[in-house]
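Look at the two complexes coming up: subunit A is in both, with subunit B in one and subunit C in the other.
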Partner chain A sequence: MQPVLHVEGLWVDYFTRGRRLRVVQDVSFAIERGEMLGLAGESGSGKSTVALAVARLLRPENAAVGGMVRLNGTDFLALVGEGLRQTRWKSVALVSQSAMNALNPVINIFRQFDDMLTAHGYTDAVQNRHRAAELLDLVDLPEQVLNRFPHQLSGGMKQRVVIALALALHPDLIIMDEPTTALDVIVEREILSKVKTLQRQLGFSVLFITHDLDLLLRLTDRVAIMYAGQLVETGPVGHFSRSLHPYSRALVQSFPSLHQHASDRRRGIPGAPPDLSHPPAGCRFHPRCVFVADVCQTAPAWEAVSEDPLIAVRCSRWKEIRDEFVSTVD
Partner chain B sequence: MSSSPPLIELRNVSKVFVNRSLRQRSVVYALREVSLTIARGEVLALVGESGSGKSTTAQLLARLTHPSGGEIWFDGRAINRQAGARELRQYRRRVQMIFQDPFSSLNAVHTVGYHVGRPLAIHRLVPPGRALAAQVETLLETVGLHPGREFVSKFPHQLSGGQRQRVGIARALAPNPDVLIADEPTSMLDVSLRLDVMNLLLDLRTTRKVSMLYITHDLSGANYMADRIAVMYRGTIMEEAPADVLMKDPVHPYTRLLLDASTADFGNGPSVAGPLGALDPSSPGCPFYPRCPSRMPVCSETRPVSAWIADEAEHRVSCHRYHDAESPKTGRDAQPKV
Partner chain C sequence: MAPSPSPSGRRNGSGAVPPRCEGRGLPSHAMKYLLRRVLFYLVAFWATITLNFFLPRLMPGNPAEALMSKFGGRLNPLALHAIAIAFGLNVHESLWTQYGQYLVQVMHGNLGTSLTFYPASVFSVIAAALPWTLGLVGLSTVISFALGIGIGALSAWRHGGRFDTFMSTFFTFTYAFPYFWIALTFLYVVGFLWGALPLSGAYTTGLIPGLSWSFVLNVLRHGILPAFTIVFTSLGYWAVNMRNTMITTLSEDYVVMAEAKGLTLRQILIGYAGRNAILPNITGFAMSLGFIVAGAILTEIVFSYPGIGYLLFQAVQQEDYPLIQGILLIVAFAVLAANFVADLMYSLLDPRVTIGESQ
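Right, the complex of A and B next:
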């Protein structure tokens, strides 16, 4: 079956102070219908830029986007003008990191729904009110919320409103960029549980972006990990207990688990992520890597380890790392 | 109730903020009768969500603000509002703070050497000149900035977030404090760098025997760092226990929800009873009552008191399920069904 989103060889250049800076390079992934893909990475790894590029929210004067982005089989990067405007929200909706501020502060919640529905051709205010109430009900908010203004709602309620707005036109894909970072863990759990339930009920796909790998491994079906503008590894959630890329391995290790005390000391990743204006030659992770060897001076290719389920990795030494795993398990 | 006498202690400390506007005057209880102790060389983690009062606790201990009620004790003496300048300076030398934001807590126009040397000069610990410069370099190397000499003349913008936070730690260590107050010191760092900063703090605790209040919203980080964990909700300590006990055997419904939210899969499991609405400050009941999955009628009427659980060392909880006003029954048989 055709994937809902198919990204191949995506790159993004930002224009900054008269220079052109490549911030995303050679990113390829696909999301099937009803699937949730988690995209993890540190700040500056390019994960939010991927979200903005896929949603076509980068302005041409600030950024150049290339490669292929297919949404339900159609070339999304080629769309312009009215065609693009109609596809947004209807086919792909975005729940952004600053969702708290995504609502217009001077109009009430109903107007936020009404504006968007009107823009997409639904002009009957009575029907729109009915539809907005239905959507709020999906995210467990009472109809009265329609008459409230954003400042009268808690952070969790605002986030629910934004999710309800995203669902309004039955999108095939919802991009969620750190949707719950500003919320406390209990509210986060409630909202993400709701998203999972709605996903089962309505069948949309989700691209979920966060720095919290631990959360992704509990929430999503598949995970892709970004480092310094590139994908370094992707696979089903279960794969990451034996991941093949040294960076993903270190990242999984770099959170203390819930029942781990410091007597069982873990180490972080030495060094810091690179400056993208001068990325390291060869593998971008090699200066911080414990498996570094001469071969790492050459840039590794994005290589499929298995097709079904899809596991791919960008490391010249993945075979040796895999064999080491096998020997330690035996 | 630690085995050794506390080095620093909050005794029934409350903090009230008053909002005055033209029409009305509203009162916010940031802390309500909070009691906490930290022994010499001990790490106490204070866990809570945003708005729970954990940063207010840090500010009170750092003497950046004064308690509205209750007392702060340090090394056997009450540190009260009337403390003289000399006493206060002494206190501030011995109790140092590490801030959450490594970007805004360093002054952009000053060098690393200035930031770390300042406390040494203010507290006249090292004579200015070569001795001070050498001490600054040593401190920078203590926090993992090698070689110290190269970092001295750098400005904050030339450093990564992790390096800046290390400068913040070196600055806090400079006056050789007895207590470090670390207010979410890793939450603004890249995930790959957090663990090393946590490990650095743990090393300092071992090598320098400092006590630490480690403030976080993350239970697993608290467990990794701390000997004991106190869980705070809306200005009240809900539960406190040795870290392993709290993680294995939490009794307060709020702690259980927190733990559950950090471990369980999504889409199933228990949930909170109600939304996080605005809490009426005059409400007489338990602050967690509106969201509690195991609430009882009494919970809306009277505030539970914080009391030690019988037969368990150093484990206290503030919940009517444990401390029934009528018949005080405590311990396993009073376990709430969550």
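Right, the complex of A and C next:
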């Protein structure tokens, strides 16, 4: 069965002050029907750019996008104009970063459902009201919310409204870009469990983007980790207790766990992410890597470790790292 | 480490609607808001009248002396005294008595008698000039605002593009020109050299004002050149301002969301980006609506247009104190009224305004 989303060799260039800056390079991944893929990385690693590129929301005057993005087998990057507009939201919906600001402040909630439904050919206002009320019910909000303006809702309610909006046209894929960053942990947990329930009910796929790796490991089916514009490792959630890339290992170790003594010190990753206008030669992580060797001066390839389940890594020394794991475990 | 969703989920905190007031309509809190604004503007208007009364009296000299120096050599003191009484320039009463009389007179719409247009009252002189100014300056301000907002919004949508680059350069250019130079140049080239449009006035002298087609056409022909120069020089201001607020608005999450939702370009540009970007420009527009009444003094002088601006110019030249005061009062009233209209427009366009006030 073909994946809902298939991204191959995706790259993105930003145009800044007359220069062209490659912020995403050689990103490949796929999401199966009903699957939730988590994309993690530090700020500036390019994870949100991947989301915007996949959703075709980068403006041509600001950015160039290349590679392949297939949604249900159709080439999404090749769509333009009216064809693109009509495909939006039906194939891929977006729950954007800080849903606080994702709703138009000057029109009420119903009109934010209605304008989208109208744009996709559903012009009967009475039916649209019905549909919007059903969608709100899916996320446990009462129908009266339709008459409210965004500033009259709490942060959690706004986020639920945005999720209800995303579900409206039964999209195959929902991209969630740090959907709960601005919410407190209790509301966050409520909303994420709601998303999981809805996903089981309705069968859509999710690309979930966050810097919170710990959250991804509890929530998603598979995880991909980004560093300096490239994917460095992907695999099922369970794989990351024995991850093969030094960066992913360091990232996993930098999150505290609840069952741990407070005296155990968390280890940060020394150094800072590279300046993308002058990325380090060879492996982009090598200046900060504890496993660095001469071989790291040449750029490592994106290499599949296993096909089913898919595990891939971008490190020239992943075999040695795996063997070290085996020896320490034994 | 499997995720642990709780499908039943408790409907608490974030699920309940806070019992806040309903958005729009005209319930009691909106009326309260409106009344508060009206009260504020009444107080502001009273302050204006008071200032208008005291300011000329704080200046050295007084209208009576100015009048005397004007006719000094030719009239005997008794005649001068008679004139001073006739014009209300008798300064022997106390300031407070005069102030009280002034307030009563203004309330009755009596702004005194014009010295320049004696024996016409200030009120009737202003009433004759006002329609010309409202028509010319009002229409060109509205046209300029509407065009500027449209051009600014389009420039911002593809900012950095060819249309935007051309418009930005062009408007910086037109905005930097001194108005009188533009007006005189157009007057000279189009009116004098080319002779395509009339040189001055609001209609051909000798024509009897009325609602006939020939008169209306005549007025329009006289209005084109002054209106064009006003639009030409003020358009840039609106376009550049709208462009800048629009660029900020376009990067808002809700505009990105609107595009992701697959809305049409029209829906995004008008309903999402434009609707929000126009809000900061409403204040500026209301201010300029208020100043319409002041007339475009330079325009009316250059084109000898019989509006309020030209009237003020004449009044100042003739030291016609009652007329100057009358015009200032009308202008102040118009500015306050325009601000009130802006308040109302805000509460219509931005649901956050009235509700924010009522809490």
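Going forward, the second predicted complex is superposed on the first by the 327 of 330 C-alpha atoms of A that agree within 3 Å, B and C clash if a C-alpha of one lies under 4 Å from a C-alpha of the other, contacts with A are read in each partner's own complex, and residues count from 1 in each chain.
The rule is simple: a residue touches a chain if its C-beta (ideal position, glycine included) is under 8 Å from a C-beta of that chain, and two chains touch if they have at least 3 such contacts.
Please read all numbers here as calculations on a predicted model, not as lab measurements.
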Touching A:197 in the superposition: subunit B (first), subunit C (second), both, neither?
both
Which one hits more subunit A residues, subunit B or subunit C?
C
Looking at the overlay, does A:119 come into contact with subunit B only (first), subunit C only (second), both, or neither?
second
In the superposed arrangement, which partner chain does A:289 touch: subunit B (first), subunit C (second), both, or neither?
neither
Go through the superposed model and pick first if A:268 touches only subunit B, second if only subunit C, both, or neither.
first
First (subunit B), second (subunit C), both or neither touched by A:255:
first
Please work out whether A:86 is in contact with subunit B alone, subunit C alone, both, or neither, and reply first, second, both or neither.
second
Does subunit B (first) or subunit C (second) touch A:97, or do both, or does neither?
second
Check whether A:156 is in contact with subunit B, with subunit C, with both or with neither, and answer first, second, both or neither.
both
After superposition on the shared chain, which partner residues are touched by A:132: those of subunit B (first), subunit C (second), both, or neither?
neither
Touching subunit B and also subunit C: which subunit A residues?
154, 156-157, 186-187, 190, 192-193, 196-197, 218-219
Going by the contact rule set out above, which residues of subunit A touch subunit C in the complex?
55, 57, 61, 85-90, 93-94, 96-99, 101-108, 115-116, 119-120, 140-142, 144-145, 147-149, 151-152, 154-157, 160, 162, 165, 186-187, 190-194, 196-197, 217-220, 237-238
Interfacial residue positions of subunit B with respect to subunit A in the complex:
49-50, 160, 162-163, 190-199, 202, 217, 219-221, 223-225, 243-244, 247-248, 257-269, 271-272, 275-277, 291
Over in the complex, which subunit C residues touch subunit A? Could you list them?
1-7, 9-11, 13-15, 17-18, 20, 22-23, 158-161, 252-254, 256-264, 267, 271-272, 275-276, 279, 349-352, 355
Per the touch rule above, subunit A residues touching subunit B in the complex are 42-44, 154, 156-157, 184-190, 192-193, 195-197, 200, 211-213, 218-219, 250-251, 254-262, 265-270, 272-273
